[in-house]
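Which chain is which? They are A, B, C and D, in the order written, and residues in each are numbered from 1.
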Amino acid sequence: MRDSFGNAVNLTVFGESHGPAVGGVLHGLAAGLPVDEAFIARQMDKRRARGDGLTTARVEPDRVRFLSGVYKGHTTGTAIAFVLGNTNTRSQDYAALATLPRPGHADYTAQVKYGGWQDGRGGGHFSGRVTAAVVAAGALCLGVLAAHGIRVGTHIIRCAGIEGSRFAAEPDRLARQLDILDARTDGLPVLDAAFEEPMRQAIKAAAADRDSVGGVLETAVLGLPAGVGEPFFDSVESVLSHLLFSIPAVKGVEFGSGFAMADMRGSQANDPFLPWNGRIITSSNHNGGVNGGISNGMPLVLSTVIKPTASIFKEQATVDLATGQAATLQLKGRHDPCILPRARVVQDSMVALGLLDLLTQSAGLAWQQKGSEV
Amino acid sequence: MRDSFGNAVNLTVFGESHGPAVGGVLHGLAAGLPVDEAFIARQMDKRRARGDGLTTARVEPDRVRFLSGVYKGHTTGTAIAFVLGNTNTRSQDYAALATLPRPGHADYTAQVKYGGWQDGRGGGHFSGRVTAAVVAAGALCLGVLAAHGIRVGTHIIRCAGIEGSRFAAEPDRLARQLDILDARTDGLPVLDAAFEEPMRQAIKAAAADRDSVGGVLETAVLGLPAGVGEPFFDSVESVLSHLLFSIPAVKGVEFGSGFAMADMRGSQANDPFLPWNGRIITSSNHNGGVNGGISNGMPLVLSTVIKPTASIFKEQATVDLATGQAATLQLKGRHDPCILPRARVVQDSMVALGLLDLLTQSAGLAWQQKGSEV
Amino acid sequence: MRDSFGNAVNLTVFGESHGPAVGGVLHGLAAGLPVDEAFIARQMDKRRARGDGLTTARVEPDRVRFLSGVYKGHTTGTAIAFVLGNTNTRSQDYAALATLPRPGHADYTAQVKYGGWQDGRGGGHFSGRVTAAVVAAGALCLGVLAAHGIRVGTHIIRCAGIEGSRFAAEPDRLARQLDILDARTDGLPVLDAAFEEPMRQAIKAAAADRDSVGGVLETAVLGLPAGVGEPFFDSVESVLSHLLFSIPAVKGVEFGSGFAMADMRGSQANDPFLPWNGRIITSSNHNGGVNGGISNGMPLVLSTVIKPTASIFKEQATVDLATGQAATLQLKGRHDPCILPRARVVQDSMVALGLLDLLTQSAGLAWQQKGSEV
Amino acid sequence: MRDSFGNAVNLTVFGESHGPAVGGVLHGLAAGLPVDEAFIARQMDKRRARGDGLTTARVEPDRVRFLSGVYKGHTTGTAIAFVLGNTNTRSQDYAALATLPRPGHADYTAQVKYGGWQDGRGGGHFSGRVTAAVVAAGALCLGVLAAHGIRVGTHIIRCAGIEGSRFAAEPDRLARQLDILDARTDGLPVLDAAFEEPMRQAIKAAAADRDSVGGVLETAVLGLPAGVGEPFFDSVESVLSHLLFSIPAVKGVEFGSGFAMADMRGSQANDPFLPWNGRIITSSNHNGGVNGGISNGMPLVLSTVIKPTASIFKEQATVDLATGQAATLQLKGRHDPCILPRARVVQDSMVALGLLDLLTQSAGLAWQQKGSEV
């Protein structure tokens, strides 16, 4: 098990869904950075379930408690450990499932890997609950990026078969779109409100069928300087995809035009360089702001596919591990019919963590501080 | 720059396109594994350009020379260093480009990152040439996997807008498909020969237009046991995507049904478990053999999108870095109109490296040796 | 800051002396290992201060609370996070010192490194308090080693200028000596009780002078198989010294005859090989059980020098950081006149952590489990 | 096997004594640093054997050949790979030893670890020959440090039982001593020539007895700023000892007064702070320039014990691995009766590598470049 990621900036996460707490240790933040508890709380709130029919009824306050590395409202420069207590657990919902692995979940693979010793209650370490620790750490990273004028935002561009609008290529428009997403703490994070109601209806229809839906999340990073990325192996794409594929339910990651580039010719896909206001930009952004694994100064754009929630209330075929015989499974418990609204802030957090690591590797720890003085 | 990847098994790569050599250091192979030079040569040959109109005219013999870690035809257990000399370089083709960054390439981003000190000849460290070192190391990793009955194969499922056939889900048929691909050292690696000629025509048509094409490569791994993967951060998907996005030109990675899962419901996307001959399998494989970041014993299936070759002979817009003014660029040199045929063995190699690392982390170094005794 | 160490087995520590808690995250233990809370409590107890005149009056119960990775009394195979609350802190003792760095401590260097943002209360992250987390993790590692018949023990061989006796070279006698040390939870951990009273008197004499004393700790590992160590860079000596020099107050580490080898000739220092009961042993052990960075099957023997406790009650010269002027410093608070009695279990823990990491790297995770079934 | 060390700056080494080459890959140097081939050659020359009766008769030119990462006399910012061919090997000297492990060497432990697959000729990967790669990389690191006014020097303070003089505490005198050592490429690196002849005689006397001698090397670093070191685990002492114990023959490492601190009281060992010319210094340096694992701005001082060369020409007892019976061993070949003269530049190199890594972690890659512009 590798529950750590990052070089100059490194996050370790720990916890099981129904254990005492989930949490993390964040290494590599400079000393003296302000810790904005209100911002952290807002981020946690974006990930929080609401029991609104779109997300699970397991609602927890998710207060981040710092155990180290934060003093007088600022980072001390040493490891930042934090915990989030697990308060609202109903393990009895899972007792009946002990020998019936849920399709699409890690129950079976964890059983093989850990030989039955895993804490399987609520999915244990494989529960989406662990991503609360990612969001807490991500809030700190996003704060450092913001102090340098680097903004990250994620929204739903497809959900339950309904296509929404994408981020604008033009930086000023993109900035305004990120403002909109910042302000959204409720409902579906879409740019164009016209898509929200159809998506909401489609999600509710699936839920009524005891089923779930998936979709696609798009992330943009505005203000990222050129020169970020450490190829050969730590290209921007490699580092971010590593982190993004750690989010349960992500099954695909693409940068810029991604899979659509399969059908392009080089003359379409190459983004020509252009002088603009004393800088160099590209006149299109099919490469999503990354050339040769290094940022080129254009907005970084990526998408992930979020598979439909594996926990559904329909009866499913499985195998009883105790007997080796075919069995059927009927889930109870509290599950999101669609996790995209909550996953978007996890995605923001992963992107922020990866970029802060790469930036710190090349620009140094002191760089973090300079930004925060602005 | 991070030119190393892997924990228990680790590869470092080095080299510039027109420097004395490219090469690598592979750590973490057990002692006493046979080093099959003929197999290595065959793998290098698959990556080699042929000057056949599909691939570049820069043809090099690509003999792998071991400097350490191999003795009497077997691994010694210490670091395996190897080099591949760069013999066929025409740096003069690049001299004129010194201040004109090629769109879609790393020229501009390397200039920003390295401040002009990079060896830009032939793309330098960002050249596809460096992947020759990956293929050499990958051949060793594939050999260890093969000794354990784990097979890896990659083919073209889409190229220049033409869709080919995909791998079969059924293991015996998949095994026969992997045989076909093993045997293919020439031409386009497609499963169904019917697609080869149309793809070839489309590539040649693009080349005739002084342009290039992209496509999609699909990889399958047969025989991978359940239980491989080290989440939270080192899920199978995270580790493999990290490596795959290190291949120049890869802009998207998906596992199983990938982006198509966006439009599925949970009841479709969940792969139900089924008892089968004393084992547990899934009756579909939308998750590509991975649940919760850990292999489930089904074939591992993933796809990458390869963007159209950035080097095209059409005139392109760029910026002269010396003057900051708009300029046009006319490439010379030798470039593949389509790199999919050569990239497939790089993809096999990356997958083999990642899986061998994960397997060794969980099963230990001695596991590598047991297999080799078979 | 790098608060993590280890490859296959990895420990992260966090915490400040007067913050809410110290703790750690231990990665890389196999699933299903028994977690012996009584043994952990005994180890914590060995590190605990007693207010007995030899150790500080800051007495804390030091109960280890697991937050993750332990379920039903066994490891789950996922990250083991644990915390120890800081309950007995008297920050007011340190308030006066805010601008007066204590000689021999990290106050000044932390001030330079963290620019005043560090939590300096009680030495903050540089307090010996953080070693409580090392002992908790070490207890788990020692348990795994013990299940494989590998025993670790540390004792005082020199203190306050008084030389005690050393470990025996002969394995059976060494085993009995380790029994003696296991049983010792109180007083000074010395093999020969005859040395205890003189050492105790010398320590008390120093304390009466408002001063402190240092000494040398010797560690032996019995039952370590040959073949452990990962040179070139991860020799047994490199890995263990890395960990041992992380213990505050360690200023020297030597293996086997160590610095005394400076005056030997090769014919003395080389340990000749000898057949013995079907095994190969060496007839002397000047190399401390390590040849070429790899264990040779003999007892591993190493020593560390523990400098005299930096906190003394004598008046000392320092500089007032606020004014840059010379100043004098008079410490208050609760400090050990000699930390050797408490440091020995930290040393055991560091050695256990390093060896378990090296063993797991070469023997694999499954090795951990086999042992525990014995 | 872990043949890599370092975070921001990382060295991988490879090679066997009688294989085609030894070499390394150095990661993490900024772009645009001058590569001073004459300085590298001088460093290699210091490590080179001379066949002067003090060092082995295996004399090799040791020309460093860069394969990547260096272009037009400067670093490019990408991985720097280099090789040193093995030209003067006499494997026949070792053929007779195949089953007779040499006492004090890694022959036996390598046999156990690698199961007989290791390349044992000339000690293989465990030969001192591999340190040539360390010296090559170290020369680059020393160059970067020198550009920032940081100087490293190592000398013999004890050899064959003869005590020489130590470095001065006073910076200006220390600077002159480092000048003396820089100039010394021949003979014994001692500060006071009066000790050279007695040491030389003692070495020759041991050689005449077909035996070898050991000693102690002291290293000082002048100009290191305060604030370097990444505790908890990556204290200056931890990182440097890790590297120093990777040097074959090092069996002990101490900082400042080291083991002598065992008998000090805190009032002696604490180095009081003192204002001096607007800076803060300490009036003594028992802690060797390190407090709490972080440099304090005083000269960094450390010592290592180098055991007597394991290769001696006296008859020695061993075990025939083929039969398991006792045997005697009579070495042939070319071996140093004393490796201290050659080891000193390896020690300089290891210290430079470790400090450059720590400095780059805290000050960033750009820091490397600023220095080089001076």
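General observations
Just so we're on the same page, a contact is a pair of C-beta atoms (placed from the backbone, for glycine too) under 8 Å apart; a residue touches a chain by one contact, two chains touch by 3 or more.
Only a predicted model underlies this, so the values are computations on that prediction, with no experimental measurement involved.
Averaging C-alpha coordinates per chain and comparing to chain C, the farthest chain turns out to be B. Set against one another, C-D and B-C show the most C-beta pairs in contact at C-D. One finds 27 Å separating the Cα centroids of chain C and chain D.
Separating the CA-averaged centres of chain B and chain C is a span of 46 Å. In chain D, the residues touching two or more other chains are 1-4, 7, 13, 79, 113, 125, 232, 361-362.
Residues 1-5, 7, 13, 101-110, 112-113, 125-126, 130, 158-161, 206, 209, 211-216, 226-227, 229-235, 237-239, 241-243, 245-246, 248, 250-259, 261-275, 278, 280, 282-283, 286-288, 290-297, 305-312, 314, 316-319, 324-326, 361-362 of chain B touch chain A in their complex.
Across the complex, chain A is touched by residues 1-4, 10, 12-16, 19-23, 25, 27-28, 31-32, 65-69, 71, 74-81, 83, 113-119, 124-125 of chain C.
Contact residues on chain A toward chain D in their complex (touch as defined above): 7-8, 79, 232, 360-367.
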